[in-house]
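What follows is a short report on a single structure.
The letters A, B, C and D name the chains in turn, as written, and every chain counts its residues from 1.
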Amino acid sequence: MAYLEPVTDQWLIQTRRQIHAWPEPGWAEFVSAARVIEHLEKENFKVLCGREVINEKFIRGAKKSQIEEGLKFARERGVSEAILARLDGVTGVVGILETGRPGPKVGFRCELDCVPVTETDDPEHIPNKEGFASQHPGYMHACGHDGHQAVMMGLATWLNANRDQLCGTVKLIFQPAEEGVRGARPLAESGILDDLDYLYCGHLGCDIPGDEVVSAPEKFLCTTKVDFRFKGTASHAGMQPEVGRNALMAGSTASLALMALPRHGLGMTRVNVGYLRAGEGRNVIASTAEMQVEVRGETEAINTCMFNEAVTRAEGAAAMYGCTCEHEIMGEAIDFVPDLEVQKNIEEAAKTARYCTKVSPTMNFNGSDDATVLIKRVQKTGGQGGYLVVGSDLKAGHHQAKFDFEEKRLAEMFDIYRALVIKHTGA
Amino acid sequence: MAYLEPVTDQWLIQTRRQIHAWPEPGWAEFVSAARVIEHLEKENFKVLCGREVINEKFIRGAKKSQIEEGLKFARERGVSEAILARLDGVTGVVGILETGRPGPKVGFRCELDCVPVTETDDPEHIPNKEGFASQHPGYMHACGHDGHQAVMMGLATWLNANRDQLCGTVKLIFQPAEEGVRGARPLAESGILDDLDYLYCGHLGCDIPGDEVVSAPEKFLCTTKVDFRFKGTASHAGMQPEVGRNALMAGSTASLALMALPRHGLGMTRVNVGYLRAGEGRNVIASTAEMQVEVRGETEAINTCMFNEAVTRAEGAAAMYGCTCEHEIMGEAIDFVPDLEVQKNIEEAAKTARYCTKVSPTMNFNGSDDATVLIKRVQKTGGQGGYLVVGSDLKAGHHQAKFDFEEKRLAEMFDIYRALVIKHTGA
Amino acid sequence: MAYLEPVTDQWLIQTRRQIHAWPEPGWAEFVSAARVIEHLEKENFKVLCGREVINEKFIRGAKKSQIEEGLKFARERGVSEAILARLDGVTGVVGILETGRPGPKVGFRCELDCVPVTETDDPEHIPNKEGFASQHPGYMHACGHDGHQAVMMGLATWLNANRDQLCGTVKLIFQPAEEGVRGARPLAESGILDDLDYLYCGHLGCDIPGDEVVSAPEKFLCTTKVDFRFKGTASHAGMQPEVGRNALMAGSTASLALMALPRHGLGMTRVNVGYLRAGEGRNVIASTAEMQVEVRGETEAINTCMFNEAVTRAEGAAAMYGCTCEHEIMGEAIDFVPDLEVQKNIEEAAKTARYCTKVSPTMNFNGSDDATVLIKRVQKTGGQGGYLVVGSDLKAGHHQAKFDFEEKRLAEMFDIYRALVIKHTGA
Amino acid sequence: MAYLEPVTDQWLIQTRRQIHAWPEPGWAEFVSAARVIEHLEKENFKVLCGREVINEKFIRGAKKSQIEEGLKFARERGVSEAILARLDGVTGVVGILETGRPGPKVGFRCELDCVPVTETDDPEHIPNKEGFASQHPGYMHACGHDGHQAVMMGLATWLNANRDQLCGTVKLIFQPAEEGVRGARPLAESGILDDLDYLYCGHLGCDIPGDEVVSAPEKFLCTTKVDFRFKGTASHAGMQPEVGRNALMAGSTASLALMALPRHGLGMTRVNVGYLRAGEGRNVIASTAEMQVEVRGETEAINTCMFNEAVTRAEGAAAMYGCTCEHEIMGEAIDFVPDLEVQKNIEEAAKTARYCTKVSPTMNFNGSDDATVLIKRVQKTGGQGGYLVVGSDLKAGHHQAKFDFEEKRLAEMFDIYRALVIKHTGA
C-alpha cells in the first residue's frame, strides 16, 4: 500500500534552519511552542498546551525574568496574543492525531529548548555561511533539538496526509526545558502520557558517527541539578576587610572542591559547576554567591553519594568564611532499561532509513536526558519505551559553539520515525 | 559683618534623605546630576556639566547597560529631556559662582555615586524607620556621598545668599563615579580645576568617632582597579567533559590566589576580588569568566608590585586550565601630601563648627579616594589642596548594608565648609 | 594418581601471619625476599634474585633512604649477610623448579611489598586479637600481598613434594614494588619470563564476595605515576613576604586542580595526589614542594590525556606563583586482554577449589596492577597469561587501616594454583 | 682610665665563621651551647644552663627527633658527655660575671638557633668562597644569629679581661629557639632575668643599611605560631576513591584560605603557612595532613583576630572533606615599648662605634622577635629593656639562601655592647 509523501528533505532543512535561528532557553520557548501549535493545528491535530500538559506543581528551575523576556520576544516576533493566552506563561505542546480506528497509542517526543552558548562567529560555520545562525545572543541550538523539532513537525505533516490509512492514535510531544532535565517531570505528572502503549524518544549526534544508528543506548546517568546560594557580609574592602564574610571566596573554594569530587569505585560519575556569580562591587567584600551545579552517577546510589558529598563540601566552604549556604534542587533525571520489543522495532525501522548503513544495539550514553523520566512513566502505566540515537559526523561536540550536525540526518531520522508509525499504526 | 543663614539643619537632612532614597551607580547618576543642576541654577550658579567637565577620553569603567538604565530611570522619575540633552550620556556637574570681585578661586568637591549594596531591611535601620531607604534595589548610599552632596547643595544656597559679601570665585564640583576611582581622572583632564587656588575635599565617617575632625589624613592608598577576562572552551559536561577548557575553574583559582597576594614588607597593601561571574549554563563546561579586582598599596611601588603579581597569578591560573586571560585597567588612584596652609585652614574652621570637640592632625586613611587625583592636579597647576574627615558614630562600617551616619554631622560639615569659604572669600 | 599433600591450612595461615607482622615498602622487601629465598632453597628450587631478575636500568621510584632502612631492619631481624650480598640492594626473587621431563613452562606471580598505611589499633581487628599485627610503624599489608606470598610459598612446598610426578618447569615469581606499579617493568626487562608458556597472576579480595572467583577481570586501568617538584624562592615571611616565590601555594593549588581533572567521555578515569610535602619552616616562605600523583584511564589514550592535563595544571600552578615545576615518571601500568585458554583453565581449577561456589567470567577491576606488564610480555614472547580474583568478605577495603581478608581464602587460592599446576604439568 | 682590648676583629670574624659552619635548629643547639659554655667558663664566668635557665613546663615546639639528632651530631662533633649531661636534653646558656663590687645588673641576649634553609651553592656567596658554609644540610644561619653569638662571646672575653675595672653584674644570655618564638617564654619563666636592671637585645641587618643603627624599633608584631593537624580516612585511590576522607585536600584548601586571610583595617598583619605535609602514599587517599602556620598582627587584638579566623578556616576546610582538625599553639611573641633611658644609652653608645655614621631613633620592625617577651618580663620586675638594630648591607634578605651580612658589623656591634657595659658598670 502506498503512502503519500508530502515531506521533502528541503522542507525539513528549511524548518530546522528557521528553528535554529531563534533558540530559546527552557520554560521560555514561546516562539517555538507557537510555531509548533500553529503547524499542528494546520495539520489537523488536536493540540493541548501549557498547563494542559504541564503539571505546574512540578516545575523546577523556571526563571521569571527569562519567561518575561521570552514573552516579550514572542510578541516582538509576532506571536499572537491568542496563543500566548493559551500557553499562559507555560511552554510545552502535545499534538494528538486520533484516526478513529482501533489501534495502539504511540508517542514521539522531542525537546523545545536550547543551550546558553554563544554561537561561533567563524565564517566557515554553516549556520553563518547559510545565514541561519542564532539571532538570540547568548543562546544557541547546540544540542540538536532544532533538528528533532523539524523532524517531528514533518512527521505531523506526513501523519495528516496519510491519516486515512492509519489506525490508533499518535501523540507528538514537544517537551520544554530538557536542558537541566526540568521539563519531563511536570509533563509526566500531567498524566498526558499515561495512555500510551509506546513512547519513542530520539537524539541526533551523541558522538555516534554518521550512517550509524543505535537502538538502545545504555548508561543514561542519573543526575541531580542543584543550586547553591552563599550568604556572607559585605564590608569596605579597603577600610575594613576583616569585617566582611566573603561569599566569593566561599563560592570559589566550593567550585574547586566540587569539581574535585572523587570518582566512584562502582561506576561512572560526572560533576559540573556550570555557573558561578559572586559579589556586588569591586571594592566591597562579596556578600553573596550563587552556583549552578550538576552531579551524575551511573546508578541512583552513586548519584546520591555525589550529591551528598557536594552539599558537604559547599557547606564546609561556607563555614570556612563565616558564610551560610543553602541549596535548592532544580532538576533530576534517572536511568532506565529499554523494552526489547521497542528496541527491535527501532532496529527494523533504522534498516529501512536512508543513509543508515549500520545499526548498533547499544552504546554508553554517558549523559542524562529526562526522556528517561517519561519512558519510566510509560513503563509504569503499562506501556513500553525506547530511545534511539541517529549518529552524525559533528563539527564540534554537543554544547560547543561550533556544534553542527549533517542536515541529511533529518531525512534519516524522519525515515525511522515514519517507519515506526507505519509499524504500529499502518494498514 | 553678619552673613545671611538661609540653610537650616532640617533642609540639609531632608535633602540628604531625598538623595539617599534614589542612589545611582557611577556614570549613571542622571537623577542626582539633574537635581544638582537645577538647584545650582536656582541659586544663580553658572553650571557646566557632562562633556564640559569630563574629558571623555579618560572615562573608564562606564557600563553601557547601566548608563541606559540610568537614563530610563531618570525619564521615569521626571528628569527633563533638556537636562538629559545637556548631559548627553555623561554625568558630572560643576557649579561656578563668580563674585566679580578679585579674590582667590576656591573649589569644593563631592561625589555623586553610590555603591552596589542592597540596603538592610532591618526595621531599626533609620532610613527604614523614617521611610527614606533606597528605592533602587541593589544600590545604596552606603558611603556617605548623599551627605556630602546635601552639604554642598546647602553651601550653594548659602553662597548665593551671601554673594554680595564675598570676593573671588567658588567652584562646587560634583564628581561622578568615585567608587572604583574612575571619575576624578577624566574630570581633572577636562582642565576645569586648573585655575583653582584651593581645593577642599571631605568625607563623613571613615571610622573617626563623632565630634572629631581630622585635618590631614595620611596613607591614602594607591590603587589599581583591574578587570580580568578568562576565555576557555565550552563542551557538554556529561558527554565530553575532557574537551572543555574551564574558565570557571580558572576564575575560581585566580580568586583564591589573588586574595592570597602576599603582604609587603615596606607598607600596607589591600586586595579584593569583588565580583566574579563565570559560566554559561549548568551542563556546559564554562567557557568565560570575568572578575573585578582592586589592589592597593601604601606607595606607588607597592601598588605596582601588587598589580604585577596579580596579573601573574591570573595568567597562571588561566594557563592551568588551557584558558586565556586578558586584563583591562578600570581605574587608578594615588597618594598625596596635603598642603600645610590648607591643613591649618581646616583645623581653624573645624574649631568653629557645631558639635566638633576635637581636631586631630592626622589618621591613617587606609583606603583610596580619587580626590587625590584632583588634589595632585591642583597642586601641579600651582594651587593647594587638602582633605578633611568629619567623624561620625556609625551604625555599621562603610559599604555595609546597615551603614548610617549621624545626621547632625551634616550641620557640622556645612559649618566647616562655610567657615572655609569665609576664610578665603569673606569680606 | 595421588599427589602428596604436605601443605596444611594451618601452615598457610601461620606463614601469612608471619609475613603480615613485618610489612616492607617496595624495593625494601629484604626480610620478605630472604624468607622466600630460604624457603625456596629448602624446597630444592633453583633461586635467582636481585639483579639476576631485575633489570636495574628500569627501576623507578626506589628511595635510597628506604632501601638503607630496609637493610638495617633486615640485619636487626637476623637476615644473613650472605643473602643480603646476593640481593646486593635489589629485591625480587624467582624460584625455578625444573622437573627434567619435557613439558610446558608455567609461571605464577605474587608481590612482596606492602602499603604505607598504619594498621588500626582496634582490638577487634584480628591481627591485633591474634597478635600478628604490623610491627613496622606506618606500614601494613593492607592489600593482601601477605596472603599471596604465603600461598606461593605453600605451592613451592607442594611442588617439591610432588616433583617426581610432574613434567615441565614451574617458575614462582616474587615481584618487588607492585604498589606504585614499579616492579614489573624491570622484572620483565630482565627476560626472566620470556620462556614461559603460561603466566598466572592472582589477587585476593578486590570487592568480590567470599566464595566467588573471577576468571578474567576487565578494566585494568592504565596508569602513570608521576612526581612533581616545585621550586620557588624562600624569604622571611614577616619582613619580606613579597620577595618569596611560594612553592607551598603552587603545590596546594596544583593539588586542588589535579583532583579536579575532568572525567572523560570515553571511559573511566582516576586521579590521586597521594602525598604532598611543602616548605621548610614556619616563618619562611616555602621554596620547595613535592607531590606524588597517579592518574589512570580505561585506555591508554585516556590515561595519556589525564597525564598531559595533569602536567599542564601543575606547570600553570607553578607559573602563578613564580615557581618552576619539574616532573618525573615513577611507574606505569597498562591494560591487557586475558587469553581464552588461560581463562578456561582458571574456571576449571576454581570449580575444584574448596569454598568456591561461584565462578564469574568477569568483573570491572577498576584499578591497576602491573601484573599486566608481565602478562603482556609473556603474550609478546609467545605465551599466554591471565589474572584471577579470589573473592573474600573484607573487614574494610584495600589500603584501609582495618583491611583484613578471610584466612580460609588462602586454602581456596592454594587449591586453584595447585589445580593449575596439575593441569599443565601433572602426570 | 684605659681598658684592655683583647678582642680583635679577626677573632670575631673567625668565631662567627665557626658558628656559621654548623647551624642548629631550635632546641637542638647542643654544639652551639657547648661552645658557649666552654668559652664562658674559660673566661671565668659562672655558667647556668639547661633546666637551670629554662622552665621546662613552658617549652613549646620542641621536636624529639630533632633533639635526638642534635645530640647525635654533638657527640659526633666531639662535645663532651659531661656538658651533655649538664644540658640534659635542654639547650640555653646564661653566663654570669659578678664583679663583687656594688653596681647595676645588666643583661645582654642573643640567640643560639638557625633557620631550616638550605644555603646557596653559588660560588660567589662568601661562605662558599671562604669555606665556612653550612655543613648541616637543610639548615643555615640565615638570620644573623651566628654574628650575635660571636659578638657576645667576644664581650665575655672583654669582660673577663677588664673584670677588675668594672662593678655590678653582667649576665650574658644565649637563648635557644628564637625562630618560632619558642625559647623566650620558658627562659623568662625560669626567673633568671628577674634581678636585671637593664636588658639589651640586638639584631644585625633587618633591612637597615650599613653604617646606620636604630635605637628603638617599633612595630614588633604580635604573633601566634600554630600547628594544624587534619585527620581523614584512607582508602584505595583506584578501587574506592569515594570512601576516603581526603586530608590532603583539606590541608591544601586550608593553605590557600589561610594565605588569603584578610588584611586588617586597624593595622599590619602577616600570615604564613610555612610547612605542609599530607598523605601516606601515591595510591592511597590521604588520611593525614599537618601544617605549620604563623599569624602576626600589629596589636594583640589584630593578632587574635587573625588567629581566630585561621582556626575557623582550617576547621571549615576539614569539614568540607569529612575530616577533623586539631590545632596546637607552638609559640607566641608580643609587642613592647622600649624604655627611654635605654634608648638614649643605645644612641650614645652607637655614636662611639666604628663604622656607625647615622643613628635613627626608630624603624618599623614589621617582624617578631621573642626578645619582647624577655624585655616585658624585665620591665615587669622593675628593670628596663631595649632593642637595637645594627644595619648592614645584605646580599639577600633574612631567611634567604644567599643571606649574608658584612662582617665588619661584628666589630660595630661589639663596640656598642662594650660601650653599654662601660656606661653601666665602668669605673
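Please note the rule applied: a contact is a pair of C-beta atoms (placed from the backbone, for glycine too) under 8 Å apart; a residue touches a chain by one contact, two chains touch by 3 or more.
Just so it is clear, the model here is predicted, and its values are computed rather than measured.
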{"item": "Chain pair, B-D or B-C, that carries the greater number of C-beta contacts", "value": "B-C"}
{"item": "Chain whose average C-alpha position is farthest from subunit C's own", "value": "B"}
{"item": "Between subunit D and subunit B, distance of the C-alpha-averaged centres to the nearest whole Å", "value": "46"}
{"item": "Where subunit B and subunit C are represented by their mean Cα positions, the distance between them in whole Å", "value": "66"}
{"item": "Subunit B: positions in contact with at least two other chains", "value": "207, 238-241, 243, 246, 249, 253, 256-257, 259-260, 262-263, 265, 270, 285, 366"}
{"item": "Complex contact set, residues of subunit D against subunit A", "value": "238-244, 246, 249, 253, 256-257, 260, 262-265, 285, 305, 309, 312-313, 315-322"}
{"item": "Contact footprint of subunit C on subunit A as seen in their complex", "value": "207, 256-257, 259-260, 262-263, 265, 268-271, 366"}
{"item": "Subunit B-facing residues of subunit A, complex", "value": "115-118, 138, 143, 179-180, 206-207, 221, 223, 225, 233-241, 243, 246, 248-249, 251-253, 255-256, 259, 270, 272-287, 292-294, 296, 330, 366-368, 397-401"}
